[in-house]
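What follows is a set of structures for review.
Same chain, two partners: chain A is paired with chain B first, then with chain C.
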Partner chain A sequence: MRRTAASIARSVGRGEAGAAEITEEILALSERANPSVGAYLTITADLARAHARRVDERVAAGESLPLAGVPLAVKDNMCLTGTRTTCASKILADWTAPYTATAVQRLLDAGAIPIGKTNLDEFAMGSSCENSALGVTRNPWDLERVPGGSSGGSVAAVAAGMAAIATGSDTGGSIREPAAFCGVVGFKPTYGRISRYGLIAFASSLDQIGPISLTVEDSALAYDVMAGKDPFDATSVDLVADATAPALRDDLKGVRVGIVREFDLAGLDADVRACYEAAYKDLERLGAELVEVSLPTADYGVATYYLIAPAECSSNLARFDGVRYGLRVDGPDVGAMYEATRAAGFGPEVKRRILIGTHALSSGYYDAYYVRAQKARTLVAADFARAFEACDAIACPSAASAAFRFNAKSDPYSMYLMDYYTIPMSLAGLPALSVPCGYVQPPDASRPLPLGLQLTAPAFAERALLGIAHAYEAGTRHAAQMEPAGLAEVGA
Partner chain B sequence: MSSSKIDVRYVAKLARIALTDDEVATYGAQLENLLEHVAALEQLPVGDVAPTAQVIPARNVARDDVPQPSLARDVVLAGAPQSQGAYFRVPRIIAEAE
Partner chain C sequence: MNGQTYEAVIGIECHVELRTETKMFCGCRNVFGAEPNTNVCPVCLGMPGALPVPNRVALEHTIRAGLAFAAEIPAYSKFDRKNYFYPDMPKDYQISQYDMPITSGGVVEYVLDDGTRKSCRLTRIHLEEDTGKSTHGGSSDGRIAGSAFSLVDFNRAGVPLMECVSEPDIRSAAEAVAFLEALKRTFVALGVSDVKMEEGSLRCDANVSIRPAGATEYGTKTEIKNMNSFRSVFRAIESEIARQEAILRDGGRIVQETRGWDEVTGTTHSMRSKEEAHDYRYFPDPDLTPIELTPAEIDRMRPRAEDLPQHMLAVLVAENVPVKRAHQIVDDAGLAAFYRSVAAKTKAPAATANFLLADPARLANESGTPVHEGLSERAAVELIQLVAAGTIGSKTLKAVLERVWGTGESPAEIVEREGLAQVSDRGAVEAYVRDVLAAQGKSVADYRAGKTNVLQFLKGQVMKTSGGKADPVLVEELLKESLSATP
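Let's look at the complex of A and B:
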C-alpha cells in the first residue's frame, strides 16, 4: 500500500500514527522487496529508527513538521553523515560521508526519515541505471525492464512504496526520464534553486537536485523544504522561493501551454504518440490554450550536452586519484598509482566520458568543441526565452518510449538519445518535471508501462509549473488508476 | 571539428587512466562514433554568439573573513586510503639523492 508524503505527514502531525511505527513498516517492506527491486544500495535502518524517535519527540513537544515521519530515499551521490556514499562506483564503494548535503539536511530537519541510499548510474552518468557498478535496479512495473536513470534507485523506491519522497539529481534528464519510466513525479527545479553542497559533482553547470514522489503535491512539499540560498553553494540563488504547495490549482483556465513544433511525434511508436496527443488534448480540456512554439536549436541539444557535460565531468572527477578518499591501487610511483587507481575504480561509461571531455578540452580542440558547444548553449537558452513570450509553460514527452528491457541499448549513442527531450531544458537551466500521463503496452511487454508528460516553465517559475502540473494530475488521475504490477511479486 | 579522430592513448595519459590495448580499440571506436554525431554542431551558425558557461546570472560575493567550524582533521583522514599522522600518505614523488 503506497502512501503519499502529505498523508503520512498529516497523520503523524495529528498524532494518529507514530513516525516510529511507520518507519518499522517501511523498513520491513524494504527488507522484503529490495532484494528483487534493488532500489537501495544501503538500507540505513538504525539511522532511520533514531530519526523516527526524534521526530515523534518533536511532534509530541508541539512542533509542526511539514514532512513528519515521511520515509525518504537519498540518491547515493548525496552525502549523509555516517553512511556509505558510493556514487554506485567502485572508486567510492567503501567511502563514508563525513557531512550531510544541504538539501538532504533540510528534508531531515523537516521530519523526513532516511530509509536508505539509492542506486544510480555510476556518478549519475546514464539513462537506465545499468551503469551502476554496485547493483541492478529493476522497474517495479516490470522487473524485466530498467527503471531509467540515472536516478533509477530513487524512482524505483518511490514506485515500490519503499519511500514517499526520494532525492534525485538531474544533469540532462536524470530525474525526469526515470520518473516517467516508473510512473512517478520527478521534478528538476531551476538551476541554482536547491543547493548542490554535498552532491558529488558530475557536471557543475548542469547538476540540479530535485524531489521524486507519487504526487505533484508531495514534490511541492519537498521542494519548498529544499529550496533556498545556501552559503555553502555559491551558485545557489539568493531569491525568495515562494512556497509552491499553497499555489497548487485544479484547472488551467487562462494558461497558455506551448507545443514544440520541432518535437514532432511522428517518429514515435503509434501508441506512444497517441498517448501524448491525448495528454495535449487533456490540457486543452482543462482550460489551457495550446499554442505552437519553436525551439529551432533543440535538435542540437544532445550534441551540445555530450561536449559540455563530459568536459565538466573530466574536470570534476580528477579529484578521484587515490589520495584523499576512496580506492587506491598501488603503483611504483605516484603517477602509476593514479593511473592504476582510476583504471580499476571507474566503469566503462565514466571512462568514456572522462576521455571525451579531456579530448574536448585539450589543446587544439578546445575552441572547436567546448567553446562551440557553449555558444550553442546560448542559442538553446535564447530559443526558450522566445518561446516563453507566447506561452506560460511547454508540454512535451519526457522520453520517446516507455521503459525498455535490460541490455536493449548496447551502443552508447543510442542510450544518449534517451535524453533528447530533457537535455534542452537542462542546458537552459529551466525548471521541468515529469508527471504520469498514461500507459502503453509494447508488443514485447506482458503488462502496461507508464509514460510521463514533461512540463517546462521559465526560470524561477516553479510555483506556476507545479500549479499547472497539479491541475493536469487532478484532471487526469493517471497515476491513481494503476499500481506497479511487479509489487505483488516482490512482496511490496 | 573537421576530424573525428581521437588519439585515445594520448587522451588517457592526460586523464591519468591506464587502458589495455583492447580498451584503446573499443573506446577509440565508440568515441569516434560520438564525435561524428557531435560534428552536427558544425552546421549550427554560432558566429559571434557569446558562449554560456553558467545559465543563471552570478556575481562575485564578498563577505567578512570570519573563521567557521570545519571538518575535524581525523574525520577527513579517516576517509583516505592511507594516512600517517596528520597527513595523507602517497607513494614517493621525489627520488632519493644518488
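Let's look at the complex of A and C:
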C-alpha cells in the first residue's frame, strides 16, 4: 500500500505512528522490491534508522515537522554526507560525499528519512535510465520497460512505494518525463528556486532540483521545504517563496490555460493523442478557459539544448580527472593518467556530450554554436513571456509516448527527442510539472501505462502552478484509479 | 654587424594575490604558509556538486585598484571559465574573466630616480582564482617532466587573484621596475594586497620585443616568465633585450615564444612556442551571476586622491623633496603617515623629509623600531623647528634625538632645561670671534696671505670657545667679515 507524504507526516506528527516503525516497513519493502525494480543504487538503512530515531525524539519533544517520518529517496547525483554518491558512473562508483546538498539537508531537517540513493542515467544524461553504469531500473508499471530518465530511480522508488518523496534533478526534462512514465507527480521549479549546492552538475544553467511524489500536495510540501535562497549557491534567488501547500485549489474557475499551437498532437499515436485531448477537455470542464498560444521557437529547443548542455557539461565534468577523488587509472605521466581514467570512467553518452560540448566551445566554433544557442535560448524565453500575456499556465504533453521497452531507442537522436516537450521550459528556466493524466495500452504492452500532462507557469509562479495541478488532479483522480501492475510481482 | 640602435617595447602582465580574510569563492582562510591542505573545503577542492560564491571584498579590492589608476569600471562584468587540465587546478577550469573584466583602461604614472616622469597605460585588471601549488619530486630540475611523484597543496587554490595587464608602453628594464613599484605601492597603500614577490603574492611576466629606434611597427615579442624579484625582472629584461639585439644584428629572426628566466645563469631559455598555445574554451561561468554595479556603488569604492601614493609622491616632489626620498617615504606606509602629520605641523615638507630619512631612519634601522614608533610626533616637530630656527645645530640634534628616541621626552624642554640652545646672538658670537682672532695671530696672517683654508680651523676654535653652542653659520659669516676687514 503506497502512502502519501502528507498522510505519513500527519500520523507521525500526531503520534499515531512512529517514524522508526514506518522506516522499518519501508526498508523491508525496499529490500524485497529493489532487486527487481532497481530504484536504489544504495539503501542507507543505518542512516535511515538513525534519522527515524531522531525524528521520533523531536516529535516527542513537541517539534512540528512538515515531513516527519516521510521516507525519502535521494537521486544519486546529490551529496549526502557519509554515503556513496555515484552519479551512476564508474568514475564515482566508490566516492563518499563529504558534505550534504542544501536541498537534501532541508528535507532531512524537516523530518524526512533518507532511505537510499537512486539510480539515474550517468551524470543525469539520458531519458530512460539506461545510461546508468551501475544498474538497471525497471518501470514498476511494466518491468520490461524503462522508468524514463534521468531521474528513473527516483520515480520508480515513489511509484513502487519505496519512498513517499524523492528528489529529482531536471536539466531538460529529467524529472517530468520519468514522472510521466511512472505515473507520479514530478515538479521542476523555476531555475534558482532551489539551491543546487551539492547537486553534481551536468549543465549548471539548466539543472534544477525538484520533488517527485504520488500527489501534487506532497510535491508542494517538499517544495516548500526545499525552496529558498542558499548562501552557498550564487544562482539561488533571494525571493520570498510563499508556502504553496496551503494555496492548493480544487477548481480552475477564472484560470486561462494556454494550448501551444506548435505542439501539434497529430504526430502522436492515436490513443496518446486522445488521452491528451481528453486532459485538455478536463481542464475546461473544471472551469479553465482554454486559449491558443504560440511558441514559434519551441521547435529549436532540442537543437539549442544539445549545444548549451553539452558545452557546460564538458567543463563541469573536467574535474573527474583521477587526481583528487574517484576512479584513477594510472599511466606513465599525468596526461596519460587523465586519458586512461576518463576513458575507463565515463560511459559512451557522457563521452559523446563532452565531445560535442568541447567542440561547441572551441576556438572558431564558439560563435557559431554556443553564442547562437544562447541567442536562441533568449528567443525561447521571449516566446513564453509573450504566451503568458494571454494565459496563466500552459498545458502540453510531458512526453510523446508512454514508457518504452529497453533498448528501443538505440540511436541517440531519437532519445534526445524524448525531451522535445520538456526542453523549452528548461531553456526558459520556467516552473513546470508532470501530473498523471490517464493511461494507454500500446500494442506491444500487456497492461496499461500512464501518461503525464505537463503544466508550465511563468517564472516564480510555483504557487499558482501547484494550485492548478492540484485542481486537475482532484478533478480527474487518474493516479488514484490504478496502482502499478508490477508491484505485486516485486513484492511491494 | 651593423650600427643600428634598437628600442625595447615592453608590456607587463602581473598577478597579485588579494589580501582578504577568505578565499575568492569559499569561506576558507586566505593565509600564506599554513600546513599543506589545511585551508580547504569542498568548494576550493573542486568536489562534485560544490559551487562558487564570490567574495565581495575581493570584488571591492579590484575595483578600488582600478579606480586608483583612473580605470573605467563597467556597469556590467562577468566571470568566465578558462578550461585546461592541470593537477593543481581542482576543477580543471579556472574561474577568471575573459571579455568583460571588472576594470578596463587606466594609467600608471611613475617617476624614475633621475626625476623623469613616465606613464604606462593599463589594458585591464581582472579578477580570478589562484591555483594550488605543485611540488615535483625525483626529477633533477624540480619540473614535472621526469619527476617520480608530485605533491599538491590546495591551500592557495581559490585565493583571489588580480591580473593586471599593461599596454606595451614601457621602454626599458628600469621603467618596468618603476612601473611595478608604482603598482606595488598603490596596492599596499589601498590595503588590497601585501604584494610580496617572495611569497608569490606578486608574480609577473614581461612581454619583450625590440624594434629599430624610430620605427612604429612592433617587433616579434617573447614572453618572459619565472622572475621572482624586482631585481630579476630588471636583469631578465636586460638580458632578453640583449639577446634579441644580438639575433637581429646577426640577421636572424625572433621566434614568438615563452621564455623562462634563469636566475643562476642570468639568461632566458625557451619554454614553449606559440604553436603549442592552448584553446582555453572560455565561456561565461553559469554558476555565477553577472557583476552589476551602479555609479553610486562605484563612487563609494573610489579611493580619495590624498590616500593614493602617486598623489603623495607628486605633492612631495612639488614640495622639492628629492625623488628618491619621496619614494622612500611613500613606500613605507607607517613612515608616510607619520611624515604627513609631522609635515602638516612643521609646514616644511622638504626639511621634514630630509630630517626623517637621516638620523631617525638610521636609528630605526639600528634599533628595529620604525621611525613612527621610536619618535613621537611632537618630538619630531620640535626637533625640526629647533633646527629651522637655528636653536640647535646638527651635533645637538643628534644628541637630543637619541635621548628622546623611545622615551617620548620633549626635545624643546631638554634644550631649554640644559641650555643646549645655539648662541645666535650677534654680539655674543662677535665676542667669541674677537677672542679667537686675538689669540690666533698666525692663522689670521696666513688667511690674509691667501691661505683661506685656515678659515675652517678658526671656525673650529670659535665653536670650541663657545662650548659648541655658537651658530656655525653665523660664526663663519662673522669670521669672514672680521678677516676681510682692514686690520
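Keep this in mind: the second predicted complex is superposed on the first by the 492 of 492 C-alpha atoms of A that agree within 3 Å, B and C clash if a C-alpha of one lies under 4 Å from a C-alpha of the other, contacts with A are read in each partner's own complex, and residues count from 1 in each chain.
The working rule: contacts are C-beta pairs under 8 Å (C-beta built on N, C-alpha and C of every residue); 3 or more make two chains touch, one makes a residue touch a chain.
Owing to the predicted nature of the structure, the values given are computational and were not obtained by experimental measurement.
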Report task. For A:303, select first, second, both or neither according to whether it touches chain B, chain C, the two together, or no partner. Result -> first
Query raised in the report: For A:51, is the partner it touches chain B (first), chain C (second), both, or none of the two (neither)?
Result: neither
Report task. Could you say whether A:198 touches chain B, chain C, both of them, or neither, answering first, second, both or neither? Result -> second
Query raised in the report: Given the touch rule stated above, what does A:463 touch, chain B (first), chain C (second), both, or neither?
Result: neither
Report task. Would you sort A:331 into first (chain B), second (chain C), both or neither based on which partner it touches? Result -> first
**Report entry** Partner chain(s) touched by A:2 [first = chain B, second = chain C, both, neither]
**Finding:** neither
Query raised in the report: In the superposed arrangement, does A:79 touch chain B (first), chain C (second), both or neither?
Result: second
Query raised in the report: More residues of chain A are touched by which partner: chain B or chain C?
Result: B
Query raised in the report: Looking at chain A, which of its residues have contacts with both chain B and chain C?
Result: 95, 98-99, 205, 234-235, 314, 318, 321, 323-325, 334-335, 338, 358, 362
Query raised in the report: In their shared complex, at which residues does chain B touch chain A?
Result: 1, 6, 8, 11-12, 14-19, 23, 27, 30-31, 33-35, 37-42, 44, 46, 49-56, 58, 61, 71, 75-76, 78-82, 88, 90-93
Requested in this report: Would you tell me which residues of chain C are touching chain A in their complex?
Outcome: 42, 45-54, 81, 83, 85, 87, 90-93, 144, 150, 152, 279, 281-283, 286-289
Query raised in the report: For chain A, which residues are in contact with chain C within the complex?
Result: 77-79, 85, 87, 92, 95, 97-99, 101, 196-201, 203-205, 231-235, 311-312, 314-315, 318-321, 323-325, 334-335, 338, 358, 361-363, 366, 370
Requested in this report: Write out the stretch or stretches of chain A touching chain B in their complex.
Outcome: 95-96, 98-99, 190-192, 205, 234-235, 237, 297, 300, 302-304, 306-307, 314, 318, 321-328, 330-340, 342-343, 346, 348, 351-352, 354-356, 358-359, 362, 368-369, 371-379, 381, 411-413, 416, 427-429, 459
